[in-house]
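I have placed the structure first, in the form of structure tokens, so that the comments after it can refer back to it.
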């Protein structure tokens, strides 16, 4: 076990190295000059020159990479060219927002996914199975930006039940905060619900058709008890680990959804920075989210190994 | 007796509490998140909207674009045009209590002119140095006569910052700006909100009635309007032209508008690199043909419901400097075809048409494409995102480029950096020594009619050479709740907050 | 002893299925995948026969008919410059289906060979490829796609390349995993003992056995590729105007939600149906290929 964890931890290093190189080179490959974008409407050449010097944009690329990595190790993720705030501050500001959104999305996904998955497995190949399938699939089949716009139109413009956009911090007003994030969380959660539904269904089916359950049935246990106590609890393990992974994906940014609902989370921060060529922000945020995702992956793997004795050999 | 005193003070206290509770907050929806809130280092249009509440300027403009006093009372230009004397308003304090006087004004101007990273340097390039004449008078000594200078002082270059705060914070001043405007900065969460609060010591405090303003950046125009309709916002900027009908139909909303100072146009690559070697770039007749192919009225009708104004010059038809002798031409397909023949064009002309991304610009480009196709010009649309388009425009990697300019109070601001040879925004690569000479001449006289006469000569040449096709002028469209009273829109697009009441 | 004469008449009664036939039989039994196949078939028909099916020219503007609601003349209504939306949806099928198939083909042609190599060779090559794959999968897909598309320049083909490249890691990892499972099987050992070179083992023995899983993933990835193309076009990085693509149609429709909601409904519905169908087919394939199915 320890050997396994150690080996995986060691693998983190080259992976993170590749992540840093990937995200750094992608930024630099983007056409367009950040100094030009930052230079103001008049685009005075003197000002542009001065920006280039200040942010070391005139240095050769490998050198810029080294400066950046050095900074990361000393806790300095650089500064946003646009608002002159340190990237680390921006990340710490946005983190609670993104975590809140991701958590709500996962809760919604688990609720919809597990319930439809159970129904589909128990009533396999019937109309219920088919309906549950389509219902959950609806989540990943609709482009989330379209769904978001349609929901805003329905719930905010026509019905006026929910705010069209914006975010209220949880500690300021928890009710308003929930109402402001319920729509985007739903849009995000829908997509994941489908994935969870599929896994619940197949995991449940595996268990329901196993000898173990056949014995329980032969013993005369109530069907519902079998479903809940035995089948579901066994199926839960892969579902939990999968949810952890999806949570990690959500952290990286529900980019389009945040854009449409104006939730000031990571997704919006990164995509705006890409279009503004605010290199430091993109690099810093993606590095942080990628690292989180990789670590969550690792934890999920460890958990899976711990729980599943067959794999330990 | 004691009980009475107690009762009275209790009543007074609760009254005070009640009035304190009835704090009015104005929530303004912006179309983007502003950049840094430092007048010296700021560069976005939307940032100027926030500055309108925090930082007062030396001068301001009224709806006729005339210069009016704000922190300064009057200005006088010497006979040779090289010295401008400005008298300042007395009894003004910054939001941290510091006095505003000639020393502070000199400090602010010098900060704009010399600070590393200052975007105001080009605006104040004509100023050699600033002298303090007396505690309420400063004199700007210029290197050359520069008529547009006063207009620059009605914008960010004229914003005054507290010397104490600026010296203490350096380039981090923008994180907690301290100026002399009606509202003082409270807090900012990037991409989320900017909160400002009424400054009790403002020189015009008696005309400031709203206690707090919150600026909320909401990029999507549909969502911005939805928020206004549902009551989540009180005022929004950059309403879409196609939403005007909805606002007019809603009795809880009002529309405020003014014709913009800028223009929407198309740059044609006439001398910037190899791409200019096409018929469009080489021949003025082909460019004139393209201009005649475009029905500007129909364009604004289709894409903007007719709410915007067709244009053909760098200032709008309502601007005092507009040349009435050169009106907007109607579409003339026959004449366009004839011009193409005169220019020796056989077959169809293919044009690489770079269009910055944006739903409205795309629609405009598509309509132009259809119109140009009728005379034999095939515009191949290439939607490019903003940052890339800037780079490619600079490098001359385009043949036609759809662009917008937000406009400056002084017409020179819409002209000089575009049409002077090798100027920063001369993307077409246009070089005409006659035009350069006239541009320099136009900056000298302080008399508007003298300048206008020079502009007449300029207009004639520019409309013949056509390195830039002017298409239309937008309206600044602000929608706000009917509970907001006293709001008037100026052509510079700023949201002025003095004199507003919210019921 | 059984001789041929006795067996032959029996052969008429017993049908021996090839694996492909078995899969098809299982697939066609269930309603969901069949529905998916029919819908995709229809869309392919639209794409191929678009000039015959579409009632109008998809790029012909009509300035007096701007934003007209659905009517008998224009079944889906008109858009913001007066073009017929039904025609644009029909022609848009080409862009979306193309985007789906081409991007996945790119991902397959890079990811599968690399995955085979990583899985079969193991060692340093495997470690290197796996770490690079992990790195790519850790970065947000949409950011990578946007950056790549912006780098290559805005066009439908570049969007397809961008989506294809960012989808590659999924296939690499899947192929590698499958190869590692299969390569310990005895028949592979047997093939090696007999003297087959590695490339032959990989191609002839391993690949056919991992093919089913790859096929399922490919179908599902076409679905995500269609959405990704819509997202990129929505951001202005895909299909260039005036040619229609469902994603760019949604982009134009956004500002007219309250004035002209039909502009958003039809392209969104088209995306939904095509993506749903591919998902249903993919799911059906997965069930049909499952050895435990009867």
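Note that the chains take the letters A, B and C in the order they are written out, and that residue 1 is the start of every chain.
One rule holds in what follows: a contact is a pair of C-beta atoms (placed from the backbone, for glycine too) under 8 Å apart; a residue touches a chain by one contact, two chains touch by 3 or more.
The structure presented is a predicted model; accordingly, all values stated were derived computationally and were not measured.
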Using each chain's Cα centroid, which is most distant from the centroid of chain B? C
Tell me which of B-C and A-C has more C-beta pairs in contact. A-C
Core chain by centroid distance, with centroids computed from Cα atoms only: A
Taking each chain's mean CA coordinate, chain A and chain B are separated, in whole Å, by 39
Based only on mean CA positions, could you tell me how far chain B sits from chain C in angstrom? 47
Distance between chain A and chain C based on Cα centroids, please, to the nearest Å. 23
Multi-chain touching residues of chain B, meaning two or more other chains, are 220, 222, 385, 388
Check: chain A positions touching at least 2 other chains come out as 30-32, 149, 152-153, 157
If I count partner chains per residue in chain C, which residues reach a count of at least 2? 150, 254, 257-258
Spell out the part of chain A that touches chain C in their complex, as residue ranges. 11, 14-19, 22-23, 26-27, 29-32, 125, 130, 133-134, 137-138, 140-143, 145-146, 149-150, 152-153, 157, 194, 198, 209, 249, 252-253, 255-256, 267, 270-271, 274, 282, 286, 289-291, 293-294, 297
Over in the complex, which chain C residues touch chain A? Could you list them? 30-32, 127-128, 131-132, 134-136, 138-140, 142-144, 146-148, 150-151, 153, 223-224, 227, 230-231, 234, 247, 250, 254, 257-258, 261, 264, 268, 271-272, 275-276, 279-280, 283, 292
Contacting residues of chain B [partner chain C, same complex]: 220-222, 225, 240, 242-243, 245-246, 298, 301-303, 355, 357-360, 362-363, 365-367, 369-370, 381-385, 388
Interface residues, chain B side, partner chain A - complex: 33, 35-36, 41, 43, 45, 116-119, 121-123, 171-172, 174-175, 189-192, 216-220, 222-224, 226-227, 229-230, 232, 385-388, 390-392, 394, 405-406, 417, 424-425
Sort out for me which residues of chain A touch chain B in the complex. 30-34, 36-47, 50-51, 54, 80, 82-85, 90, 93, 149, 152-153, 156-157, 160, 163-167, 259-262, 264, 268-269, 272, 275-277
